[in-house]
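The next block holds one structure in the form of structure tokens; read it before the comments.
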């Protein structure tokens, strides 16, 4: 199949279907209602299930049910809607179910606005809901990568029996880019008979629940979770290194939409001789902690910068990773404003000065 | 010797954690009996609520799933829609279904989900220690209505069967009780019919069962049955409120 | 090389649609492409715009504050975007609705009577956007004429009349754009 | 002939069965069982007509009923 | 008034009333339903308002309304219930309203259990809901301190026009300890006419909302929030230092219930000559970041340990604060199990060995 | 010259953002007129929903508060309980009130909160671009029911006035419409009575107003009025469903 | 004598008032206003009876009605 | 100095209540005190217990795995807690319901016929817990007798009969406890 031009939101829906996800439960919210609209058209065509839930609370519990019944299932929402899913996310993680959730983050807090933001980083990577659980969090930067991540999300969720959360923003959800669905191969769903509620024919009954009367068992489960998250860090931590090969002086850390702006900025700055590159986390949890620490320990790297569309959330993980070895430069736009390449370039140039780096060839 | 009454096959061997006399046990047993009678153990999935019956998944020897407090109808929707061949029911208390879960039950009923809802109305929050429920009777003392439910502050008890039967989507809605053998027999028939409607793919079915909570009512089980009869029955009339054949 | 065009007009004028057509043409051409809508919280029926970015390698920032080319289909868009065109770029103006003429000399200005062209061929203003597209392709040469034409042909193949009038409008407008461009390039070359 | 059997240690002593029995077959014990409850037992087993009223009223499935020979079915349940 | 013996949950209710909070909206959940029960008895006596909400979602929106109307208001809940308040917390913060919320954390994730846990640390301090907002988070360790914190919470919420969150667990909520209500003086509520919806008599109308159509305004608001949080860090960061005066070798960091166990452990270990002390954060946000960093930079401190009833959440903030200068020892119990002094003592002794510290006098 | 009709005092000078012909504007104006007529501008607090009318707080020159999507009745409860001397109303769309906010509206009504609810039923999610609402008509095409609402999948439209009038707590529940001057006059009377019941401390009051959404219905405002009359009216009968004097 | 006044630039051209007027006083303009809409205007002002039907139908409060002398009140609204 | 007693029994036996009474006495005595209930997810009607910690300085850990003293009011509690008493501490046993005798020699064992004492004075078992309290105060001397008595007097002052019988039961049990303690101390002293 040739590349086709597709809106991010619709590509998310199509990617799920191609990944064998034939069930979608969701509640409309800008800027991603198009996912549900697309699913309401497409799923009946392929014999799938589309239900417009009465709320995000209900949608998240529907995917809890459907996932427990052993099928691939997805819901999508945007910031306030994701907050309403907090209880269910905790239940899904606690019941060890695979489910895929997409949060197209918008300006916040509160009702906020509908424009792009990265203000839900903490909520995504530090739990959001109650208790010690983590989602595996993917943060693609292009429509194509969103498609790939959605298609990978299902097998990942099944590998860990854990919810996988994808975060993006209205920029990616609303823009059209060429998409090549054939670039990613789908992994078929593993057998679910060991845990899913498919009817207890020819096997002992399966029970999906997350209540522990005996605190010792609850503790044991929490220790298992620790191991699970370690395994994620070891096996499924993804990031992209951009222009980090030639011993750059500065490493910029950015993800999602912001990373695209940074990419352009680096391209421009490199033309002027600035030696800098980018570490772009693709998984926000697990976070490329080790790689960042290693970079901070090289002789050539002398400065880090973080660009976010938030007050500074990921930067906490970056500062910890690099042990606050250098002050970390931070630039942000917020409330729905996407930083422009120009202002990022200006900021980074200034950082070169402030940190006393070589900068442009003189 | 022929056994004419024993523990149903579809129950596990676990003893329930319910207080002496609590009619949750009777309702559990009847659901299991119907599963046995209809031969659907291997295709049934029950959805447990949060409430005293949260542990129903330990007692039913079928696949079971739990739901967050109040959300069982949404979880059931998720299961049933993706596996329509299964028989899916929820089992919910009045705090669960009529308070926090009001949105989910109304919408599941209105979408006409082909599920069965067993609704245990005991006029109180059992599990958390006897707080006022939406179904608590006027004047009934609970831990959060220490002077008795004040209808000027908290309104009248909600009658779920009546409320759901106003929806235009076809459904089977019935209220029955568990306080005498006679009523238990009627309840069993209502439950059977409810499951049959589901199996036939006909409609959403809803059985409200008036039930006792001796512990939180602060009286004996036998006194509780009397209180139910005298106080609850006049306000919660029994009967079939709606059938899919209506209108 | 990266090239951008921002296309702006009233909500109902169809600028989003022609942006997509242009992007489809670029895709066909093997170019990298991104179509970015404005989806801000505007008043319903207000101005709408989209940006089409075309490049020969993966597109980084989809945010373009200073686009190379801009098409303005109505007066508010003219007021808002005329100052923003990148020096050396092109401003395509729907002269049917925009009487104002830009005073800028560092850009190519092309005035295309989009509504008039549409009315001329269809009796209504409905295809004014196609004229805008034609003018833009002509004035920018972002995407080869033939590919956009081919796309339009596929797009409207179900209705022969619509197809024909649209192609006619498209070509007429293209002509205006292309000629202006040629003249401008010649002049620049002559500097 | 019907025979009603109460599992003493499953019984929680609620007395529902005592009240339910039309024949007053069942009574509460004076001893307590393993759980610490006074339990129900068939004090007058010969009166039993096998109607299962007691059993359907028992929340804990402590009651099992068997019959010898044919048994009239009092209700369809 | 003499000290009276009171259950933690009831003391929370009484403290609120004495702080002039005459309105409570809540939904029952173990192990803190006694707060609502207490309020349902007491509030009518003092002319206050008690409403049992239909859910935590509703309860949190009721306090949003009541707080917007300019009165002191509180709700209390436990973990799953707090997850359901995520959207409202974000709204309250975004609308800049003062409201006091108590989360009595229980074993999780999912339905979990009802016994003590500290697994909601991330949810409490990193937002929980969507968008860039923070609650000021207090974590008292005794019933008396809970009373003091509740009484301080209202003026703090009003100072910052920000939600204040108190976290505790079933241990503190269920136990009885002597309480002296007179030990804390209440600050009266400030004038609310500038922002509260009290009816627009003799003033321009007040509007409580959190939607920004113009992203620039939303961004400006986010920059204001950054300043607000800085101010909190500068003016209202509270912690207790226990046995840190005599140049101890090890600093243990613990809060809430866990800190009580650690206190006993330190007492015992000190008898054996171990030189160690505790830094007990009372505010979890703002976190005593600077103090910890300063301690890590002293010559005498050679090791840090963190004790939590979670998989390790606060430890991330500790490790960042001390720049991972030393490996940080970590001990936890989870799922509802409170660590015993004995096991904490054993762990800490072992840490002294592992880290090569002097330890017991020989 | 005497002015017999002009913009009410209780509105700000801001122009609304509504689409041409959208009857949200008519409803807004009538609420403001009643506030003027009853002289309660200085003691009124309106609660804005999330939906097209999210910006009502810009248009009403009274104290206003916003609510999260669907939760206006809970926010109103919070305001009214702590300041019972105020006049508190919510203004909500059908997605807001009948979908995500079902629990909150039923419980506020059932507790008998002394608030007034203005419910704009336009059979669609306006703000988010025309998705199906619980009130969408059978067969009606929306962006999430591209082939028309399929009652076998989504059930029948929910009739909120009927549903709320089954509750036993006294209340005033009425449905009216905005599609002709005649109906606008009736709606105004219903709204006035609703506010009066609140001011008298009598009961919860609820006014459902059938409204048009030309943009998402994809037809002109004038055609929309016709569609409302022909399609919605037969299913959503107008009238008073309940008064506090009943029973 | 009633006088109906439409604020041209507030009008969004929905035509509700045109339909509402029992006297067919109002019509839509051929020009567009600042917002780009065809606006309503009193094409036959002399026919106006001051019934305010147009005004109560206008979602945008573009219509103001004044009277000279006494005015019959057609309905209580 | 810190001293603890864990009090355990059936749900309805009133051990939580006597724990509170003891704690109130200690508070009156100017001691630091904490009363910690078991509120675990037990089966309704199962065993319940609380711990009362009394100390002369602020109480750190309210978790006491090895309490100095334990009162067991029924058999399951005996089975569960008998092994846990801290060496040197006291085990107070409701001998009316617990036939088992502990084999431990490192602790003081006191057998108080709580139900019998209650039945003797009131005709019912209702005040067995008061006997448990009396035995505990006697056997541990955690809180001065007079203060607990004073508290009981205040607590039951509304009903003179109840007050009198309760005080009688309390004292009788106290006597048993105190004597056993005295004997044990004497013996220990004699070692």
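Letters A, B, C, D, E, F, G and H mark the chains in the order given here, with residues in each chain numbered from 1 onward.
Simple rule for what comes next: contacts are C-beta pairs under 8 Å (C-beta built on N, C-alpha and C of every residue); 3 or more make two chains touch, one makes a residue touch a chain.
On a predicted model such as this, the values are computed, not experimentally measured, just so you know.
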From subunit A, count the fewest steps through touching chains until subunit E is reached. 1
Look at all chain centres (mean of CA atoms) and spot the one farthest from the centre of subunit G. H
Please find the two chains that have the most C-beta pairs touching each other. A-E
Centre distance in Å when subunit C and subunit D are each reduced to the mean of their C-alpha atoms: 87
Averaging over Cα atoms per chain, report the distance between subunit F and subunit G in Å. 25
Cα centre of subunit B to Cα centre of subunit G, whole Å, reads 58
Could you please state the distance in Å, as a whole number, between where the Cα atoms of subunit B are centred and where those of subunit F are centred? 34
Which residues belonging to subunit F are in contact with no fewer than two other chains? 18-20, 54, 66, 68, 99-100, 102-103, 107, 111, 134, 153-154
Which subunit G residues touch at least two other chains? none
Going by the contact rule already set, what residues in subunit C reach two or more other chains? 40-41, 45
Under the stated contact criterion, what part of subunit F meets subunit B in this complex? 99-103, 106-107, 110-112, 134, 151-159, 162-163, 166-169
Parts of subunit E lying in touch with subunit H, wherever the complex brings them together: 3-5, 30-31, 113-115, 142, 170-171, 174-178, 257, 260-261, 263-265, 267, 336, 338-342
For the complex, give me every residue of subunit C touching subunit A. 20, 23-24, 27, 32-37, 39-41, 58-63, 65-66
Touching subunit D in the complex, subunit B uses residues 1-7, 11, 15-16, 18-26, 29, 180-181, 184-185, 188-189, 214, 220-222, 225
Within the complex, subunit A is touched by subunit F residues 50, 54, 66, 68-70, 95, 99-100, 102, 125, 127-129, 131-132, 134, 143-147, 153-154
